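Naming follows writing order (A, B, C and D), and every chain is counted from residue 1.
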């Protein structure tokens, strides 16, 4: 069990929210791929809190590439990207060293790390760590795009609303109320050829879900019709097929582009559900693990009333990394650079 | 990308539906664990088609343990279990060598294996392969139970019905109609201590979902409230906490026992959706990949109108293997035997 | 720590010397490769004891391919090969359940497996297991040869002699004396292109040595000049270079074809030392682990006075598997079939 | 093929000699282990060039721990250590961009990375990268020592001489001559319990050799008697055994503490040969890969006439990491902290 995703093209995450820096090491990148700083910055901006819908924290995501890039291109050796931590108000979190935030990782981190974890700002569990993930993926995505493979994650709904106007209202209302809301993201990957994946056990669904569940607050994933398959019949659900100028296509894409764990050439489509941000201003019952007494907690500090919109670029990034890894395994280590 | 699941305790599957045998190799089993043949047989029986709800195929699951067991106990070396294939009607499938069954793996297998796959009866993609998975898990589950860890998978609904009487009717109706139905399985794992899992990337959800998507026809997985989180608020969704005689518990288990990717000591709860069996008697549009012409297919042969009930023991088995692997990594290779 | 070698093209070994069968699962073989039964048989024959230089045991190596091959060609799914155990004289080994053979794995197996190992005939540590390894590699080697990659392992010396006449005499003399002899094998791999391998940590030397040390009795490995580098100077040892019609070559091959962990296009050359067979007829001091008393042992049964000559095909097989795996990782999963 | 070593306790290396920084990420460290800065510094000092026997380069090894340590103790999350590069004379290397140093990795790096590698100062192949490896191991070794496990690497010989006085003379003579010398290092590990390792394929020898061959210039490894086994007989070579107050011991340790790939409780002992530093002042025949013409090269710049003595701490460090990883796999992720 490691902090690494991927087999041939891997990303290892490190860092804590209030430590010196967060970062990622990308290994298995082929040599000769131009690193597009503007693109990296633009992806980081998508993740950064920007308006009243998010935390008022001012996160700076000034990254440094320590290795693996020479004269603007990848060398083929591991790329270490670091992002220093700056706007940290550690004092906001003093109370939370022992008071466990319900539905957050405070308690499980304490169990996993025997009390030695850096508890400030969520430590290694902070959503901030995803900035490194986004930066890492942004080194890969332009090369994927050149191969005709594009990944896009969009908001399907937030707080039960599908229209932007309405869900923005719901977010602001939750914020005013000291509460938070969840939602659903839809990801579409186009351009992956048919024949990628394994039946047992490295299915496309399995590889993607393994990674996507690392995105903080994701609690479910479904491909194509997903849970709606449960009350469909075979004839309703099956993707019937036809020949379209030497290519086999489906009339529908109920299976989200994957059959038997393997791509069928249709777009890969999946939904991921993001739970409401657990850190809220409302008073909740919880425990103090120092005194082992019941207590209550109304979180102070600067929190996101919703992270669904910010999580979109993270889900997109993780998806791109998994797809790039699977294709690199199939087509060889230099495939992405060809 | 391999046909192996697990890191410390691994299972590798092999075999095709109409080949000489299917089987599994379990590696990483500690020595000294009694192999319970009755339990293995009883689990295999749960998977086997038994009544009008399933295929009339008579599958015999007579397994042989070729290695890794000596005088009734595991030796600590790899256990190879084989199950010979017997009741095969290969002629039923002749038509299907080139006619792709919609929503089945026929076409993706052909892409993945360049036309060299054993197409008879679904080959390596056949649900029959799961017998080996069930047998493998049945070597592990009694030892897990001795540790107080129990895995149970139950039918949540089939064809939109939650009552056994009603869903049985729906299955029989689908069968009569040459159609099929899907459903949802719920799995509960009790006894896993708090602190198991990793935030990035080997979360409990990620590890389980990686494996569960290999169970044929699974198209979605959700933990706790899952997709219902999307329209909950934080205060509705959060699992508030309390102290119960030196243990920290939650009033609710909306997160299904996992926070930040790590177990919190509550039962692990997840749902998996099973799509309707894709092989149906109704005529469907499809392609002949030999002639690359459009055609139609009304599947003959003996098929399951529903596999949800048969899949329960498979999901249970896979879950047990993942849990045993995660705990073996955490507590050491001999943990299961202690 | 697993009984598997390889990352993209893997082999998992199972079986005990006196169990039902030994075998191997090959995963990651591309589809469409013809399986050459004659070649497999011929490689197994090279490993089998055949004359006065070896054990009088009559090992039959009749293998069965249970999966992964259809109509004579690989399907791309896991290949399970089994070889039943036949000519077993378990009674020969009764005394050895508790009396540990010096320098054999009896004692370490007992520590590793807590006394539950199948001790008969060396169990999972028996040289017999290498038959499965040879059979597995024999599925891969003809495809490697088509790529122009050939692996050859030859006897460099046995019992300090380099001439066949002389070392045969030494083996027979050792046999007559109830003793045994060791020797050195040299392996040459031609046809591997320059640029294969990683500096940290999957060097060609590291990948090969990792696998070669599994061949029973191997205790050292050296590339090129190997240990003779210790008293050379740079100018004596360096492989100076020249251009030979658009190819870069070296005047010498002191580095055995690998620099910085990566192939340079020259033949890969390494030596592996095989210790004298530990099971000998001479009386040795040892322990009875049942009574925990000192005792002596003069091994009965049918043993090899030398395994160097029989090990050659095993080293060759393991080498071929590692080379095929490294190239598959680099050039993609279907490379071997192209 | 990745720049990572280890399964449960892993180290990933990154960096180039003349880039911004080199470094390592350690994953799988248990929480609560005190980080001993003095020890890390002292190990780094052992590796640093210090006197006339080494390069006159002044390497500063001021490391920063970016993550994974909080209030002086490991948190259990990945530890990223970086060491900035300072005393770099890139101009020394201009000539070497295209002129390949014989027996160095210049040419193989160019093949592996298609000409995009950072060629300055050896780039990712520089011995300098080992500073990060030494720092990483220095986080682990004090915890190993508390468990009674000590690793020590000593010089066995340099330039054929075993006495320090004499080999120092030989190094200085080689330096004066624009040449270089090699040697042999011996490593001893005490305190590893019997029963660690696997027969196929993660033998102790295989795991160690896999890693040790990453130490620049290592070209061979042998356990116990190693290549001397080739002309020993069984009775001469076998390690006879006895009972020593409830422990099984051997009268000799010809097998270097490993039998059947598994530790027997005796010290693990192996030798590794280090070839003469390939970069020498003497004129050598080589190629210019830009013009693809034959040329000659007499290396300028500041080079080590011998790296055997500096490599000792590197071999020691790598050994400690492998031993810690194997024990962590066997005894569980928190074992090192218990």
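We take it that a residue touches a chain if its C-beta (ideal position, glycine included) is under 8 Å from a C-beta of that chain, and two chains touch if they have at least 3 such contacts.
Predicted model, so just to flag it, every value in this text is computed and none were measured.
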item: Pair with more cross-chain C-beta pairs in contact, given B-C and A-B; value: A-B
item: Reference subunit A; chain at largest CA-centroid distance; value: C
item: Whole-Å gap separating subunit B and subunit D, where each centre is the average of the chain's CA atoms; value: 44
item: Distance between chain centroids, defined by C-alpha means - subunit B, subunit C (Å); value: 37
item: Euclidean distance of C-alpha centroids - subunit A vs subunit B, Å; value: 26
item: Multi-chain contact residues (two or more partners), subunit C; value: 1-4, 7, 13, 77, 112, 124, 199, 329-330, 333-334
item: Partner subunit D, residues of subunit A touching it in the complex; value: 1-4, 10, 12-16, 19-23, 25, 27-28, 31-32, 64-68, 70, 73-80, 82, 112-118, 123-124, 333-334, 337
item: Subunit B contact footprint on subunit D (complex, rising order); value: 7-8, 77, 199, 329-335
item: In the complex with subunit B, residue positions of subunit A that touch it; value: 1-5, 7, 13, 100, 102-105, 107-109, 111-112, 124-125, 129, 157-160, 174, 179-184, 193-203, 205-207, 209-214, 216, 218-227, 229-243, 246, 248, 250-251, 254-256, 258-265, 271, 273-280, 282, 284-287, 289, 292-294, 326, 329-330
